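By written order: A, B, C and D. Residues from 1 in each chain.
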Amino acid sequence: MSRLGDNSWGKTSVRVSKIHRGDDEHGFSELTVDVQLTGEVEDAYVRGDNARVLPTDTMRNTVYALAQDHLGDDVEGFGRTLAEHFLTRDGINGANVELREHRWQRVDPYGFVGGSSERRTARVVLGADTDATWAGVEGLVVLKTTKSAFRGYPKDEYTTLPETDDRILATTITSWWKYSRVPTDTTATWNRVREVMLERFFGDWSASVQHQGWMIGQAVLEAVPEIAEIEFRLPNQHHIGFDLTRFGMEDRHVVFQPTSEPYGDIRFRIVR
Amino acid sequence: MSRLGDNSWGKTSVRVSKIHRGDDEHGFSELTVDVQLTGEVEDAYVRGDNARVLPTDTMRNTVYALAQDHLGDDVEGFGRTLAEHFLTRDGINGANVELREHRWQRVDPYGFVGGSSERRTARVVLGADTDATWAGVEGLVVLKTTKSAFRGYPKDEYTTLPETDDRILATTITSWWKYSRVPTDTTATWNRVREVMLERFFGDWSASVQHQGWMIGQAVLEAVPEIAEIEFRLPNQHHIGFDLTRFGMEDRHVVFQPTSEPYGDIRFRIVR
Amino acid sequence: MSRLGDNSWGKTSVRVSKIHRGDDEHGFSELTVDVQLTGEVEDAYVRGDNARVLPTDTMRNTVYALAQDHLGDDVEGFGRTLAEHFLTRDGINGANVELREHRWQRVDPYGFVGGSSERRTARVVLGADTDATWAGVEGLVVLKTTKSAFRGYPKDEYTTLPETDDRILATTITSWWKYSRVPTDTTATWNRVREVMLERFFGDWSASVQHQGWMIGQAVLEAVPEIAEIEFRLPNQHHIGFDLTRFGMEDRHVVFQPTSEPYGDIRFRIVR
Amino acid sequence: MSRLGDNSWGKTSVRVSKIHRGDDEHGFSELTVDVQLTGEVEDAYVRGDNARVLPTDTMRNTVYALAQDHLGDDVEGFGRTLAEHFLTRDGINGANVELREHRWQRVDPYGFVGGSSERRTARVVLGADTDATWAGVEGLVVLKTTKSAFRGYPKDEYTTLPETDDRILATTITSWWKYSRVPTDTTATWNRVREVMLERFFGDWSASVQHQGWMIGQAVLEAVPEIAEIEFRLPNQHHIGFDLTRFGMEDRHVVFQPTSEPYGDIRFRIVR
């Protein structure tokens, strides 16, 4: 005869983001939350009786619902709010809430850089008829909480996306540019290109990723005459509004669901 | 003066799965689709005019909508159906559709193994008062298209999950078992445990991941007397029905959206 | 006043492979081993005294040294041999050895497939002047323990690689082929291409990855007349002999060190 | 009749690091380099004749050999030096060198932080008899070019590691600490803990990872009285000196090979 030993259940990798809207600037939080609960659920294992099994889908919904009023700088405090909430559910006697806060660095009242995987890149191609030097950047993660819209696009029978005048715009910049003449100080030039990219990403209002990318690329070509052409790949890393009205709550448009896949994928080149 | 060079836009990593329902068995397909389009969209870059920019969200919806009638063994054929569809949209003059089919291997009329990352594992712990041998498996990917339900769970103000009598159940089995006596032939024993796990996963109807896991664990303990206890971690890797009625279509419940995160996360131990 | 609590040290992700040489066929094992030890090492933390700290580099060496005589099908047995060895070292009072065995499947007396991440791929490109259908495979992991050489290459001041007439050849096949005419049954054609690739990889003796790839590509073009051209990317995933003579041991050339980076990277296209 | 089309060969993911030793501070570079060459190598494919196939192992060696004199801030310049070198080899007519520079940020004359994957973490555990709040950090990547030694360890028949008084010490800090009393301002406390960790990692000379970790943990416990205990996991991410004397060169001990696996793995807890 065997019996159930230690056990728990929960939802792992619930991703939630939140805009802290102020008058002159926005704060921004992004967390990944893991919830594990314990309770009187032996019947679920042995007899298939789910009467005490709070669905992990409900745990997920709860993270978004409580984020609107409770998610802020105090990550431990939000964890406690969640854990205490789950303990009020029938048959739950333990809650383990683990949270990981992404380290966004403010660079603008509404703009942030997530420095993580950034690389300076370079490529030299030599051959019989070729002598090309490219420089680039990859993994430059940027996000702004406003100054981004998307509307006026074509609608067909499969369109469900609502138009918006104000959305989160997040991308990871991969760009390569080709030098017509290699600058004397390649490092200073690289730093200047990066600076222009950030200025324009955070400074300009844009109507789409394409429009945003065009303004960045134009500005780089203006700032650095040695660049002959520039390529971009700009994934649109969606933060999707999470509809809280389903729970009978007011939805203040501050809670979002960051998603990894699928993603919009915009690629283009600008030449002189 | 600069100008737009090569450019394209699209949706990357659209994950779609489909059950091919037959009388005595089900087929199962899982694809990841990347779409890239080209068209007359210079105004989108230069002037922020989106009138020709088919949203990448619409591309995603289209993959699910066309999957119901067109996704089958002929992966190239489904790619062509998608590419031809996008060319009918106004202002689109090129389509590049790339598809990756996951290699599920049938092991049951309704059951599949995705062999990918499977590992046989072992752990030996020796110390002053300790002498323990554990064996295990990780990365054993299994999926069945039926014989799985989830209902009768508690509802609260944050519940949105519908009850179901028939769903896809997919998980990646990680399990460790401790030997009270190490078998003479550890490899034969490991193979036997794996065989019992698959027999029970595919053979039993289950009311939840917990219920499924209990039946597997019980069967392993019965089959191999040398095992003193067994632990499981069973992520619930959701394949979520994609609602096609939004597009004015009949929904035949064969098209699903596999998701990577978040996931249900079930952990337990069974002891004699 | 504070004190040291639970602690351990070790080496994680020691990768070891071994050929089991028989008269008519070879076996092949590949393991990733994690070692964690406990011992009387408080002085190492508090006073920087390493007299009891067995270096993790020595743990690594020990895995290779003991693999020659002790690594076989019985993964738990090899774990025990390692754990018992470490307990004989001065000041060590606990050993935790964890092992992960990769699941190579035999398909030839000297050949194996590691099915893991294999995908069937397809690409359809349509446009004003374009109508192309490509099919392909990615993540097809293959390894053979013999019938591979590399010699006769140019030497310069930076050459250290020894020539060899008999080495392990392992790669992960990525290939794309373009149809001049799409076959009626794309799935049957795909299966045939895969079959030819494996036949030639395991059947032919090769002088290099390039030579091997050429023979595979030639055979595919011969077998499937609808294919106009075929591309390959073949990383050379090195299994490097681990020199056991450093330890005063006989080296029987059966123990290897699989490496992830850097890797040789061979790319080519064959056209009719 | 078929023929060879476009083709190239090379080495991908060659990782190289370099200390730029100055009187009062060190610079530090870390690159991942991909080399692809083209040349007159049709005979290698068709006839297995390797006389023109520069081994990818030689390409790897060349990156390390040329790094000593040529690797600096000018990443494009180092790429050009490599490309031009390969073009001097017999039968090579094209070189494509791609480089990715990791973004280390200086925080000390000899110390750097690689901000990438850093996360602030928190864990709240509630239950019948439990009420615990943990805070932590993960993915905090740190490296110093000096003030680290490892000697005086036990030697046995499998020891090959040389003793050193001066090495690169690199780790990715994962730490969890438990609050006996949750601070009023958890964010300010977290920032203080992180600051103390960096001060001690870069400020202290250490005899081992264990010794380094102890000094960090002690300092955190002293600085923040609300912390009851602290746990660490500190992988030893080796940068191994690359022996240039094999090439008849002087070795100035500035060129290193960063490795991903295996790695030393040190775990401990400090309690009051």
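FYI, a contact is a pair of C-beta atoms (placed from the backbone, for glycine too) under 8 Å apart; a residue touches a chain by one contact, two chains touch by 3 or more.
As the structure is a computational prediction, the values presented were derived from the model and not from experiment.
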{"item": "Shared chain contacts [chain A and chain C, defined touch]", "value": "B, D"}
{"item": "Chain whose average C-alpha position is farthest from chain B's own", "value": "D"}
{"item": "Chain B-chain D separation of Cα centroids, rounded to whole Å", "value": "35"}
{"item": "Chain C and chain D: spacing of chain centres that average the CA atoms, whole Å", "value": "23"}
{"item": "Rounded Å distance, chain A centre to chain D centre (Cα mean)", "value": "27"}
{"item": "Of all residues in chain A, the ones touching two or more other chains", "value": "none"}
{"item": "Chain-to-chain touches, reported pairwise for every pair that qualifies", "value": "A-B, A-D, B-C, C-D"}
{"item": "Residue ranges of chain A touching chain B (in the complex, touch as defined)", "value": "1-15, 34, 36, 41, 44-58, 60-62, 65, 89-91, 150-154, 156-161, 206-211, 213-214, 217-218, 221, 229, 235-236, 246-248, 260-272"}
{"item": "Residue numbers on chain A that touch chain D, as the complex places them", "value": "38, 73-77, 79-80, 82-84, 87, 93-103, 115-128, 130, 133, 135, 138, 182, 186-187"}
